[in-house]
Amino acid sequence: MATEKDQPDHPTVNNDHLIKSADSQHPANLIPELCRKFWTLGWVTGTGGGASIRDEDLVYLAPSGVQKELMKPEDIYVLALSQQVDPKKRIYLRSPPSFKPSQCTPLFVAAFTKRNAGCCIHTHSQWAVLVTLLLETVHSDLFEINNIEQIKGFGKGFQKQGNLGYHDTLKIPVIENTPHEEDLTESLEEAMDKYPDTYAVLVRRHGIYVWGETVHKAKTQAERFDRPIFMEGTLLTYSSLDYLFQLAVEMRKLGLPWLSDIS
Amino acid sequence: MATEKDQPDHPTVNNDHLIKSADSQHPANLIPELCRKFWTLGWVTGTGGGASIRDEDLVYLAPSGVQKELMKPEDIYVLALSQQVDPKKRIYLRSPPSFKPSQCTPLFVAAFTKRNAGCCIHTHSQWAVLVTLLLETVHSDLFEINNIEQIKGFGKGFQKQGNLGYHDTLKIPVIENTPHEEDLTESLEEAMDKYPDTYAVLVRRHGIYVWGETVHKAKTQAERFDRPIFMEGTLLTYSSLDYLFQLAVEMRKLGLPWLSDIS
Amino acid sequence: MATEKDQPDHPTVNNDHLIKSADSQHPANLIPELCRKFWTLGWVTGTGGGASIRDEDLVYLAPSGVQKELMKPEDIYVLALSQQVDPKKRIYLRSPPSFKPSQCTPLFVAAFTKRNAGCCIHTHSQWAVLVTLLLETVHSDLFEINNIEQIKGFGKGFQKQGNLGYHDTLKIPVIENTPHEEDLTESLEEAMDKYPDTYAVLVRRHGIYVWGETVHKAKTQAERFDRPIFMEGTLLTYSSLDYLFQLAVEMRKLGLPWLSDIS
Amino acid sequence: MATEKDQPDHPTVNNDHLIKSADSQHPANLIPELCRKFWTLGWVTGTGGGASIRDEDLVYLAPSGVQKELMKPEDIYVLALSQQVDPKKRIYLRSPPSFKPSQCTPLFVAAFTKRNAGCCIHTHSQWAVLVTLLLETVHSDLFEINNIEQIKGFGKGFQKQGNLGYHDTLKIPVIENTPHEEDLTESLEEAMDKYPDTYAVLVRRHGIYVWGETVHKAKTQAERFDRPIFMEGTLLTYSSLDYLFQLAVEMRKLGLPWLSDIS
């Protein structure tokens, strides 16, 4: 429904070379592939959710209001982080002829600039939403779970080596939703400051933002991989988190507590 | 089981050119694709549910009693809205040699004529059915939910600009089921009159009808898209609704209310 | 695990021509396709469940102990109904070199001979098993549900015209499970006699048998279809039933009764 | 996240011929196929879980930290059972250039050496985890269920002929999780000793290990199959177990006991 309204002014010079590449690993090709995978796995529904990839200074973004499994490289927005002087006045190097920029843009940008993320994804996962609703009943803004093996799938945190241990408590902050998604930016950044090691922020009654660090690697090591590590890391974090949220909801249905005292 | 009974009389002149097109975006090609997608996503089971697309005066309809993931363009019915003088005596421009017309036909026609819809889909979604059963226990004929982000996926209503806000309450009327599907037409139209801005009507113990407006567009703008907007709009509305119904059922299992007082 | 044990004696003459056909609609090609579809839809798990198709006097059967999504035409058994004089001494026209005959064989044969079925499928559907367990707590051997639209997907019964109505109560008998599947035959036949119009029998703590009538059709009418009606009818009945069982389990979780008094 | 850390020293001679084969049934080709299937069926999420196949003395292993649906033959580790003198100092014949060995390795090796397994798989199945959590509330380290047909899908046990009967109680031991997966080895071996006939061991708050025996077969019999029996057996056991765990969780939600007294 949102696809045909409020079209922003588009520059006539559109820099389409930024999103045209025969390389399947180019961000403009990866984002549609990522979105199709999300759709297939049930991680996004309709237009809810999005994805963004950063390659050095350039940020590639899925547009708003596009059905996620039908996205194409031509639908991608591109901006340069270094050119963003005023968050209220976003400058795009490349815009698709249809669609609008995603309201998630400032949140993705926060992950890129404050956490050196290389990839950030946002979904309206029902398990995530249910977890935030359950926490709301006890006025909590922190999801905590421990003593579940899958916790070992998470890194210890920002610029830290190694992963969480089995007995460690995984903590994901929850911020309150706002009528306009871009207004989440401030509280998202506050949550990042308060929980500097988190890879994700839950948004109450809304969904989740998950990101993965970009890892600087020597060229020889990079050649060992045929797909960007930052994207894999984000996906793995997301799928491990969604596993935990689903498990947490089922535990609640069965009367099982999320935190336990085992050592 | 219904596939071989009660064959209506078919005209000998069958206008097969109306359903034969090499264009993948032709309604007769889109409907089978749509139905396969429904089946894959679990939105329809067996023969339950259907879909219809309107292109100006022509309406394309899936038949009754066909297994949805096996439908072919040759199975499609076509009628002209302008030729329907008597709702009891439907006139088809084109009928498939097997199958019967869908009982949903008058309901699809209501969406096309009363709401200028371009696409209407009907499913027996279990989440929708469970929501109507839960509402029945409190004698309610209105599904209401607010303060959930996904609500922003819905337009404000018929011929209105913009989408619902996060704090707005989404309202979907529920009508009582009848033994014969065509007898729903009157109460569906009443619900459309009472809730002129709704994009959907729930049918108690039965399922849901969801439609999307046809948007008149200049030819140049239309060329920006490679798939009909009216179909996308309907699909996005449907998937957002089914998301909310599933969430609502899970909320009920966890003792969480559908309406809350947040601002 | 059962794949390599208890190989029965196989005739040296193996009539492989019975299962080799370039026609995709030949039963030996349809059964593997059917079993793959079951696997994909989650209707069978591991080796549980099976399918059989009858073409006049010939019966085609999936073997025991084969992983359902990997079955091939060469794995199919064939028998002639007219040659079965002693149910304890099954005579096969064609046997696969590996595998054993399915223990479901006498139950499929009962559907073919007592109900003129053209296709019979058996699954260990978890929804079906849960429904039988819920009925066991009230010592019931009859699943009953009414006032749900999907009920209209079922024919009125054996050799009857037309389908059930919305207010009709769908009744599916439940028989008690036995240690050896072939020992279910007698009680399955009793259930068929007691409920002559049923298209299915639930087996407590086990699963369900569902069949569809073979419909005699003039050749010209048959040519209108490109797939056997008896198979479609069985599949549609099965998917409508599994929908109702899943709905019934969810209704129970939400405290909603299966029978209601609406008119 | 674990993909780029703690790279072990790799031998310069890498024996890539061990994982390069045009035969689709070669273990190095089967393991990636297996892992893709696990991902598709929802049996593994992110990097959780793994698979290993033994061919005589050679063991093929999926690496740690790889996203399961993207694995390739070049990612596979190979070791010779006969060369493993010190479990703390694993000797690999072949290592992938990236990735680390799986922490599951000693557990897979235990299944191969103590139970003559030909294939062993490990998943973080949510149903398995929920079952271990439910058992924890009653301080139990044994999952028991009886009088469910699917139980007949399990062999009687190690080097025994035939399968369990319908009235038999299936017993799967539960071991306590440890911070380091390799530290599970001792308790896994103890569980194998205490329950010599089990094909699986549950790990509390973690997941499950499932294996299948290698069956020695004469060459003529082997040629009857076009895929390794040991892999099929393990998969069938796994899918039957996961079916039972899911059923057990749903039974608990509905207040139905896992053990009953029927005969």
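As written, the chain order gives the labels A, B, C and D, with residue 1 at the start of each chain.
In this text, a residue touches a chain if its C-beta (ideal position, glycine included) is under 8 Å from a C-beta of that chain, and two chains touch if they have at least 3 such contacts.
Note that the structure is predicted; figures quoted are calculated from it, not measured.
Novice: Which neighbours does subunit C have in common with subunit D?
Specialist: none
Novice: What is the set of chains touching both subunit A and subunit C?
Specialist: Per touch definition, common to subunit A and subunit C: B, D.
Novice: Look at both sides of the subunit A and subunit B contact and report whether the same residue positions are involved, with over half shared, or different ones.
Specialist: different
Novice: So if I superpose subunit B on subunit C by CA, what angle comes out, to the nearest 5°?
Specialist: It works out to 90 degrees.
Novice: Using each chain's Cα centroid, which is most distant from the centroid of subunit A?
Specialist: C
Novice: CA centre of subunit A versus CA centre of subunit D: separation in Å?
Specialist: 32
Novice: Can you give the whole-Å distance between the Cα centres of subunit B and subunit D?
Specialist: Measuring from centre to centre gives 46 Å for this pair.
Novice: List, in ascending order, every residue of subunit D touching at least 2 other chains.
Specialist: Residue numbers touching two or more other chains: 253.
Novice: Touching pairs of chains, all of them, please.
Specialist: So, checking each combination of chains, I get A-B, A-D, B-C, C-D as the touching pairs.
Novice: Provide the residue numbers of subunit A that touch subunit B in the complex, in ascending order.
Specialist: Of all residues in subunit A, those touching subunit B are 1-5, 45-48, 67, 70, 97-98, 124, 126, 129-130, 133-134, 137, 177-179, 203, 205-207, 249, 252-253.
Novice: Which residues, counting only subunit C, touch subunit B once they are in their complex?
Specialist: 147-150, 153-155, 161-163, 165-167, 212, 215, 217, 221, 224-225, 227, 229, 232-233, 235-237, 239-240, 242-243, 246-247, 250-251, 253-254, 256, 262
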